[in-house]
């Protein structure tokens, strides 16, 4: 045919180019996975590993030759405390809780951290601990002859069940976890009903007029506003503007003797609620929109009013999806840091939060503060706190999936 | 004789049916409540505008607007409020982020949409989406403890500071990568099958189809993803707060420390700050700039998305 | 012309024998079976298509016309789970031979689809694109003009070549799609119900085009419209449930069907 010669045979080079780029696309995917995987791996890497512990006071000098500190009973521990603890610390600890009321485990902690004072001389990551054990041992015997090499899980029971203290070895995440849970409860309490109600209005009632269109566009725009701006809003409105209410002074609540101001769990929770409201509304709208019109019509056809239709038919039918969307939004709120720093999270809390008018810190705040400290121990405890945070988020999601499935089953058989 | 039947519906008892419009008071209340909840979003926007506007205008009484937008030094202690160093650092970190996320995100999207088998796609997409939900403070941790030391090993300890915009920007790129790849993948998958078939039927290879037909056809969706990613990068806080450095610094060197707009807000408001001081007000002025910038980006992104929906639907 | 992935000596030999093919059939399917998973959509189809003639494939919906047509240029491979057995012989080469490159098969056997599907590019680029990727050596302006003239679209669009193809009407878009295919100077044009999404006037324009196009190309057209088949085709095949029931000259098939099933179908008793 005449036209055939007009075309150059270029197939081999075209296929070669295709193969090259295919490789490029695969590599970028691989790279993305490696990056994101490294993010998670780093956390694990830092949350476990060898540490070299050096005691300030030799444990053996405290106990008789044939015994160990761990095996002493309460009485013996008391004796060590009476003998070695400085009077000032003695009084301070006694004031917190009398020694007579303390358990043996409690007393052991006091002896360990007030008298023996173990110090972390060196830390290693998990990978170092796994793959370079021998050189770690050599290094330790050289550099810290009186040190003890132990494998430490920075996430441990003590870490989970202890309140905030100033020292990385003794501190725990309990204060932050309580703060996170209280804050998020306020967030849920406020944002779920308001968000779902707004979604119902927009999907079921709102006519196609200027006002409603504006509300809708406005919600989309709010969803893209940086979270720190919500922090500024919370600071101006909740912390300062509504201080009388958010500090609890209007309700006669005393914030445990501290100066009442608006930097409370309530303000933090409300700020996060405003922050995730647009996302909750958008997700709930999608869930409601997915309900077929036939369901509404059949309900209206048996004489139900519009509200009865929504309450008894539309909402139950869409609730599983509404819930999933809302929980996704909440797990974003749990990880939010910047707006809470702005709203005024406390840098150090001597007391766990007790209610909505308490001063607050949350897990991400705690992580932020620990991460900004240069010492290696703080790096490891922030990794441990990240593990706790991710676990909290994961269990929240698991709970949502579980509830959704149960609701679905009910819907099928109920 | 009357039939022995009790009236069970109110209408029966009344003995007459009425079709007139009935006023149901509790439904009216519910309706009002629902509307109020929807209107909370308007109150939020109003709140943001009023709060940011009022505090910044209080600042602008002392500092001229011109000084604010064109000043090259931000030193509240000596009354210098030039936002350029902060804006510059924000642009530098965002640029670095986009340089990572843009090519990589598009590459991932093309791979997932055009090359990957269904099984690979169905596994990778949710993983990417879950990873997109990792809190940004974790990314900040990653930047500070992994990326910065790695960069310092690469460039030498002297030439790169402990806090630097490069490390923050790179990790920010990793942060927005899942967002960009996921949105781009959606855009590519939304290109109708018929277009793909048309290209193949003309003897195009897979690469030629993907790059010269599908990507251009999905261009607006891809552009929208990039713009949204940029807006996320501009507003991102924790990574820069941890890794980019504390202290405004007007520099184009990504190996040096420089504080971004968001980083500055967090650092100052995290400390002890007295209300009604110039410091305090200047934070709101920065936030106003941030708000307007991200709002503009988001609106552009949304209008682009809307346009490309119209083409195929 | 090269159909092969690599220039193996055997391939050259095969190519050398093609020359004599000019007198024979343009395309021939030999006991072609196509499966979607387990379902056999086309059953042992054997059919030859004559050079520079229009052949119509008719049959009730779902009988496998499109599936068969898409098998001729290996388009079915783009659908997951499709398996093809048998042979399609094009210029003496089985296009399903493992050595044969599908990209090259599609390049020589063009296709026009049911719904117009122009690329989201300018009118000019819609035509130039295929030529460019296939290494066209001539002038592109000339090629675009020629191709558009072949489908009688030139006069309508010559002033807006740089505009988006989506700005054209449905009928114009479909002619653009045909122009796009002929710009590659293919040997065969496959058309799957090319007019079913169009209005009667656009349909008439495309039908009259076919008379011109068959001077240069072998055309295989799938249609639901029996009048159309009668008007435009030289030969017609009738398919039913994946089988080719009858295949003969169009006049013969319509006025003198051999098979009672064909007769039932063209007299409108089912389908």
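As written, the chain order gives the labels A, B and C, with residue 1 at the start of each chain.
The rule is short, and it goes like this: a contact is a pair of C-beta atoms (placed from the backbone, for glycine too) under 8 Å apart; a residue touches a chain by one contact, two chains touch by 3 or more.
On a predicted model such as this, the values are computed, not experimentally measured, just so you know.
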Between B-C and A-B, the pair joined by more C-beta contacts: A-B
Reference subunit A; chain at largest CA-centroid distance: C
Inter-centroid spacing, subunit C versus subunit A (mean Cα positions, whole Å): 60
Chain centre separation in whole Å, for subunit B relative to subunit A (CA means): 21
CA centroid of subunit B to CA centroid of subunit C, Å: 48
Junction residues of subunit A - those touching two or more other chains: 14-15
Shared-contact residues (touching 2 or more other chains) in subunit C: 103-104, 133-134, 184
Residues of subunit B whose C-beta touches two or more other chains: 205, 208
Contact footprint of subunit B on subunit A as seen in their complex: 14-15, 17-18, 21-22, 24-29, 31-33, 35-36, 38-40, 42-43, 46, 193-195, 197-198, 200-202, 205-206, 212, 214-215, 218-222, 224-229, 231-233, 235-237, 240, 274, 277-278, 281, 305-307, 328, 331-332, 334-338, 341-342, 344-345, 347, 364, 367-368, 371-372, 379, 382-383, 386, 389-390, 393
Subunit A-facing residues of subunit B, complex: 24, 27, 30-31, 33-35, 37-42, 44-45, 47-48, 51-52, 55, 103-105, 107-108, 110-112, 114-116, 124, 127-128, 131, 133-142, 144-146, 174, 177-178, 181, 205-208, 211, 228, 231, 234-238, 241-242, 262, 265-266, 269-270, 275, 283-284, 287, 290-291, 294-295, 297-299, 301-302
Subunit C partner contacts - residues on subunit B that touch it in the complex: 118, 192, 194-205, 208, 212-213, 216-217, 311
Contact footprint of subunit B on subunit C as seen in their complex: 73, 75, 78, 80, 103-108, 110-111, 113, 115, 117-121, 129-130, 133-134, 166, 177, 180-181, 184
Sites on subunit A touched by subunit C in the complex: 1-4, 6-12, 14-15
